[in-house]
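What follows is subunit A paired twice: with subunit B in the first complex and subunit C in the second.
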Partner chain A sequence: MASSEPPIVKVIGFAKRYKKQVAVDGVDLEIKKGEIYGLIGPDGSGKSSLMKAMAGVLTYDRGTVEVFGTLVDSERAAERVKQRLGFLPQGLGLNLYPDLSVEENIDFFAQLRLVPEQALAERKARLLAMTRLDKFRDRAMKNLSGGMKQKLGLICTLIHEPELAILDEPTTGVDPVSRRDFWAILAQLLQEKGMTALVSTAYMDEASRFHRLSFLWEGKVLVSGTPTEVQALVPGSMVTFEAAPQVDAIARLKTQYMQVEALGSALRVFTEEPIPAAAMQSITSSLGTIKPVQFRVNEPELEDVFVALLLRQGEQPSVIEMPSVVPFTPNDALAIEAKGLIRDFGPFRAVDHVSFQVKSGEIFGLLGANGAGKTTVIKMLNGIMPPSGGEGRVAGADMRTAGGAIKERIGYMSQAFSLYLDLTVVENIRLFAGIYGLDRRATDQRLKWVMSMAGLKGYESNLTGRVPMGVRQRLALGCALVHQPRVLFLDEPTSGVDPIGRRHFWNILSRLAKEEGVAMLVTTHYMSEAEHCDHLALMYAGRIVADGSPADMKLSVEKEAGHLFEVLADDPGSALLELQRAGFAGAALYGTRIHLFCRDPAGDKDRACNALESIGVKINSVTARPLSLEDVFVYRVMALERQDRAGGHEAAA
Partner chain B sequence: MNIRRIAAVASKEWRETVRDRMFFSLAFVLPILWMLVFGYGLILDVENIPYAALDGDQSARSRDYLYRFQQSRYFDFKGALTDEREVEPLLASGRIRAAIIIPEKFGERLNAGRMVGVQTLIDGTFPLRTDITKGYVIAINSAFNEERLVDYISRKSGISRVQAEHRARPIKLDVRYLYNEEVRSSWSMVPALVMFTLMLSSPLLTALGIVREKETGSIYNIYSSTVTKVEFLVGKLLPYALISSLNTVVLWIMATRWFNVPFRGNLLFFLAASLVFVLCGTGLGLLVSLLVRTQIAALIITIIITMVPTILFSGLIVPVSSLGPGSQFQAHLFPGMYYTNIVRGTFLKGIGPEVLWMDVLALALYAVILRFVGYGLFTKRPRS
Partner chain C sequence: MKAVPGAGSQRAVIWWRRLIVMTRKEMLQLFRDVPIVAFLVYSFTLAIYITGNGIRSQLHEANLLVHDADHSISSRELIHRFQAPFFRLNGQVLDSREGLRRLDRGTAVAFLEIPPRFHEQLMTGEPTAVQLLVDTTNSANGLSVASYAGRIVARFGQESAFDRGGSFGDSSPDLPLITSDHRVWYNPDQNEAWFECISHLLRQITIFALLLPAAALVREKERGTVEQLLVSPLSPFQIMASKVLAMTLVILGATAVGLFGVMQPVFGVPIKGNIWLFFTLTALFVVTTAGMGLAAATLARNQGQVGMMTLLVAAPMLMLSGITAPMEAMPASVRAVMALSPLRYFIDIANGILLKGTGLNILWDSVLAMAALGASLFGFGLWRFRRQFQ
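Our next item is the complex of A and B:
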């Protein structure tokens, strides 16, 4: 069996310092042949250093790194294993050559590895077909979309068919559809060629894609094992329900539970009680007079497990106080209204008749792949970019005529955080107060409010460049709110922040909405975060193609596509192929498990089981799973892509 | 060494350089632009000095004296003045750089055999230009004095003007300038500018080309593959050396056809020596690229370490032989000086390897040492 074979990678006591900064401090790791091993952790947790050292492109300070039984401790030793390795560095498409075409990029990598002409031609044809890049052979790499760059990066890394592929955050910054595509291609290649892969990711929800994984936190391994093993470390349940008034309910729950999240009107609580009935019981009792309704109990996701483990470690989010300036009473006043917004860039229509409404106190999520038109919508509503057609009102002002007036009523927080890293935390807040023309009294008042709202106490005189990402993110939020805007725009606000930091951030956002009545428009790539929104709109090719509350959206997909099931089988690779042959087109591999949609649960389940038994695969279990928003996103976008392709064929014919 | 891998690196590099607009201009447009800008900017001939005259005498003598300035190609007459107070503002505004003021009774006093002072005001802002202007004024003045003397002798001794001239100027100086017959500064500057342009452009292109890969992270493709250090360095530097060699030819054509500087040496020798110099330049760029992480740092450092010593110690403006001993020593440390000897020697003097072999050898040594240092510093497994 695989376990008796020597491991492909063996790391013991690994440590790496950059000058005085400790990046990795004592990591042990073993990767077995044929598995997809995951390194999970937020930015700066040490993933890249570890991967580079294994690839032989970075020195290290302590410990041993053995790859294919060779101790990689010098440049000479590293050279010996490099032919058997493929390394994809971090940064979407950054290691590719922008001015070279897709084919030229592949050829370059192949020639560097001395792949024979014949083999190169065969592999290239196959990989290009598999990634659907064959139509773009001659396109310069710089003109590819994010998802295409990512696939090209993968082809280039695997063109010499390495035995071990080391892929550093290959899915960061790519939309969910391309990400799913990526995992499918990777799984197929690994299986066909018997490759092993080490993959890092900052998306916690990708953890279930791995056979085994290590969760890295501040340079140390917090936990490692198979997803099932990791889940078993923190037994418990995730209880979702509705309770009103929500603000009071949260306050009561927080006294007993560490993980309490507001998801729109619903609440999500982690309890260590694994039995559903008992879990519901204990929550009801802790809520006292508030009566919870619409209970749902699920197994905790891996992300919940990581958060629980971090909380056990004593990682405490700083306490936040939100001294309310004007108590907010919910009303139906519209904060943002877009009516038939259009934006053309030359012949290209980036935004096509987009309409939506956001009430005060509501969090509105705009989802979509890169280039779907999300940022253009935000820019038009902000008054930065004039629309080609349609109208929009923000905080009561017409965006076409108000200009400067809009900017005083809105706050904007960008992906890049736009803070001055060489100023201290307080100096940054004062600077933004000055930019918005606050007088001294108002500045002092707002400074106090921002410090307590964002939990920045203790960081006052720290340089912004030196504080952790999570703190920096909350500071950016505070700066965007310093002039008390009624409307807040957040453009991918949580990139690169650790899971606790992200939850903390969303906690603040939902309190801002509920207690201060701030209306928010958020774009995000983390589908798990979209659950926090009251209302969602999915953009595709400049249009809004679906909208509703997260629950509504899931429901409508369930009606169309059926329920989601998870199959545990002996030989997941061939099982997947067989299921796809049997007509389950949406079937996908998650580590060793298979996910598939069944429209008619009973009948389809039997059909799937029969198909698998016919090729001699033993089924261990079939369980129903709740749909995630990522499932919704992927289902919707794939359907539209199919439609587009069909439309294209008709047009061509 | 595997030729296929070298070819892969080199052809990728070539295609990137040619297709990227910024690198394309850096490689092919910048050197031409540089040559044109500095070619016109650094020509130091002083001609057409703008001046004004104040004739306080208005006699035949004073007009004769001033006429000599108007005749000269070194002076450009801007107008006659009537009041001394007009002089100052004209000089201050730079509209004239010299003023000649002839006092009253100039002719009368000359005829009476008395000395007359002619006040000459010269703009002293740039000492070099001032000295040259002063030299021209003195020369014209002396010629006028001499003629007065010749007249006097011929009148007193009753001999012809020609005889009188022989007595007054018994020794005639016969000067012939070699190599740059008309002492045009363009003949001396333009070949040195070929050096200056190559000295800047080839290290800059190389340094940016390598650091670009570090900045984007594509250098990890090299680190993590089996391409050897030598293969990578050879493949990477090859296109840059080729581009700079092409530029040498272009610059040579510009110097000889556009600036009309004669080329008297052996073209083959010049091109061979230039290739060695280009290898020095790319080696220097390689060195810089290994020490920095960002393109902007590479740009600044390359400009500082190439521009400053090249302007000061390469013989571009001041000949190395007239530098102080300390500066002379420094001059020998930079490749610019050796190549300046080669370009000036081949263009103007028509000399070849028999004289210049030491310079070529020095450059070759330089190129080899830079490569060894570069090889030593480059690692596929860095510390960070």
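Our next item is the complex of A and C:
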């Protein structure tokens, strides 16, 4: 990345409004050749407007946008830059044709861009192999899983080898393994073709994937720089520990600290104290009589930094008032029980002997790639799909015989938030109260409870379509809870919500579990959220392949695969390839940093250093990192996929 | 169930409460959809007014061109019998080829040629003929021109024959003559606006009954809210019935506006039969037709598709059910297919009640057929709906 080269994209004072709504208000941005530049921010922060303007498909009101040194201010100028860039619009596979096959889609985009036949054949073969889509060449796009669609979208965007790829939320709604594939492919193409990429995401945990990034908030850049620079803006530490009773501990901590989260039985607190010993000391003293145990101190993640920055900006974490209805004392009553559940669709077994138990007051996370069978399990437990075999009880009712009773006793919140956008906030709540058969008095009572629980005061008569995503999400939760269900199903409940909103949401969930004893089953693709669960189960191809608390799951992967290390090297692209050649199969690139597993830290470190020295790459540092749940997920699923492929080869041979 | 007294009625109360909140929700959503409300208001007021005022199936000012090669009293007499409002004399040409050219160009609809010696032949009792060329590109209009003109010429021939007879002897000839005396029933003034605006009302009811519930269902599918409803204690029947119920109430309201706000005061359409019977049977018709729309909605993935599908159903229904052309004029195969169109029965019912004042004693077979059709269509839609989400 020679700094003397002119920037690929230069944006100065960019502003865009839609009628009276200001979408972007004075953004400056410079993207250098060869980097992955990240735009991070919640829905409605202005990411898409900015990207569309750069791609030459949206006019803007103020400022200048230069792409490849051309000022994009007219249709003709836009046509000149369009030749040289690739644009992947937001939405899973929205730029693709559902009825065309994988290959037909690729050919169409290539022909549109006048790619010569020879070059097309070569690139297609290579990209299909990289994305592991080559087996599905003839499959219609509509029959692909979400992750596969997005990989195909990427191929179609890159088939003409653009100098600049503009990718708008390419990883939203995609499972962790496909996401990791996606980043690997992008990193490799950047390395080989000298391409530049601008990528947006609503998920903070992807921030470390970028070389440089800008965090957008309400149409303005809140902060920008390399991940390390951003982290340095908010010095401090993240302290994780256990303290009982948790509810009281949280109450005490909240008086001192802005960021307090419950992760299952653990608590996670951000302190501005960078020295670990001092950080632990200050937390212990603020807890008073409650004794914290099992302290762990880490560097704050980028998400913690963003939240800290937003809080400094004056964003207040809303206060939750949850008038407790029935005080809950933990017991071992089972809220959900699945025993050997099976569901067949013709010859295809979507769910294969799935068993698990969820106690009252427990948050249970069901993880898995798209198509692993999570949704089918939920549908069976909700009583809307009969199982082919096995049995289950939900909230005391047998799912095979009492589907109706189950429906009355559970709450359900889907990823679409499933609210009526043309009804007001109060009308939505009243509608669901009526659907669940509440009479007028009960409805008024619960309406009050929902309004204060979800912090909806002031939004009563706003149309739901016009309130912020975070508010909409809490309203959906409120509607799902209006009839006081003992069991709550949450199907990917947090897409597109800002980080403070998401924390607020999880705070509510953990209080519901701990104070009211609501049992919850949550599915999510976002592993930082899975940390909030008391208990996790990982599904793969219809089976549960791992089961335990987040800590247990990490521990068992550490036992098998070793510890995680982060390597900083001069030329990360070549270094990664060399490390993979040297036998570090799980090595992956995060922006400019490499993550790899070492079973024998001392020996492996030497091996890695030797491998890199042999190609003349200098290692700057090697540090141990705590394992994330995403690492666990990817490790487990990749191992199973390898097994399947090996099994497949044997069967073929 | 525990045998608690009143448990059953408690369940029934909750069942109804669910249906009512869902119905109210549908109406709220509909009334917040400004373009749809505007379309609804227009269709049941202004559109009825325009149709009632504008559409004439009677011949009106047909453009007539004449080539008179005789220039006699008789020829002039004949030409002047082609009168307004049916015909408009558009001048004479000297050459029959010019007349043909004008027909080709479309500046004349009919071209009357009177041969030389026309008067002379009439007077001498020789047979004679006039030629009328008619542009039947628009066949209905063309046929009317031909038939009106035929009647005018025939009458003229008859009268001149009498005149000639009279000039030979004093007594009128004892020729056997049949006169047909019309008694026009149900619409004595033959006011076309009545039939036209009733037909238009039926068309609007049909379109909205097909479209509104279907669109409401597909919108839930598109937005994903239907999932939320399916995991709630609502039954598929309640989900579908609430849409039909809401839209039926809206359409009945709109019908009342059209009937009492436009048709009765402006065009004086009589309401001879029982108005409650009319609204009850309109409700039955809307529910039946809505069943058809809902069945289509279960096949569609988005609003665009459901729009196309309802268009596909609505077009033949409106064309072939007997509003545009009488049922009796259809080929047997079309008539057999149209037995499945609820509109076919509703036309008889609506015209019967409003214009003739008939009651259930006569209309019962139409009502029965429509009810049977409605039940099976609604059942089919419900079955599709259940199946789709399994």
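As a convention for this text, the second predicted complex is superposed on the first by the 652 of 653 C-alpha atoms of A that agree within 3 Å, B and C clash if a C-alpha of one lies under 4 Å from a C-alpha of the other, contacts with A are read in each partner's own complex, and residues count from 1 in each chain.
Note that in this section a contact is a pair of C-beta atoms (placed from the backbone, for glycine too) under 8 Å apart; a residue touches a chain by one contact, two chains touch by 3 or more.
Because the structure is a prediction, the values reported are computed rather than measured.
Go through the superposed model and pick first if A:F87 touches only subunit B, second if only subunit C, both, or neither.
Once the two structures are laid over each other on A, A:F87 reaches subunit B alone.
In this superposed model, does subunit C or subunit B come into contact with more residues of subunit A?
B
Between subunit B (first) and subunit C (second), which does A:A78 come into contact with in this model arrangement: first, second, both, or neither?
So A:A78 only meets subunit B here.
Counting only touches as set out at the top, which of subunit B and subunit C does A:L58 meet: first, second, both, neither?
In the superposition, A:L58 contacts subunit B only.
Could you tell me if A:M385 is touching subunit B, subunit C, both of them or neither one (first, second, both, neither)?
After superposing on A, A:M385 lies in contact with subunit C but is clear of subunit B.
Where does A:Y436 make contact in the superposed view: on subunit B (first), on subunit C (second), on both, or on neither?
second
Tell me which partner A:K407 touches in the superposition: subunit B (first), subunit C (second), both or neither.
A:K407 contacts subunit C only, not subunit B.
What is the contact status of A:D422 with respect to subunit B (first) and subunit C (second): first, second, both, or neither?
The second partner, subunit C, only.
Figure out whether A:I342 sits in contact with subunit B (first) or subunit C (second), or with both, or with neither.
So A:I342 meets neither subunit B nor subunit C here.
Regarding the shared-chain residue A:I12, is it in contact with subunit B (first), subunit C (second), both, or neither?
Neither partner.
Sort out for me which residues of subunit B touch subunit A in the complex.
2, 4-5, 7-9, 12, 15-16, 19-20, 216-218, 220-228, 379-384
Touching residues of subunit C toward subunit A in the complex: what are they?
Per the touch definition, subunit C meets subunit A at residues 14, 17-18, 20-22, 25, 28-29, 32-33, 223-225, 227-234, 389-390.
Can you check the complex and tell me which residues of subunit A touch subunit C?
382-385, 404, 407-408, 410, 412, 414, 416, 418-423, 427, 430-437, 439, 489
If you look only at subunit A, which of its residues touch subunit B in the complex?
18, 52, 55-59, 74-75, 78-79, 82-83, 85-87, 89-91, 94-100, 104, 107-109, 111-114, 140, 156
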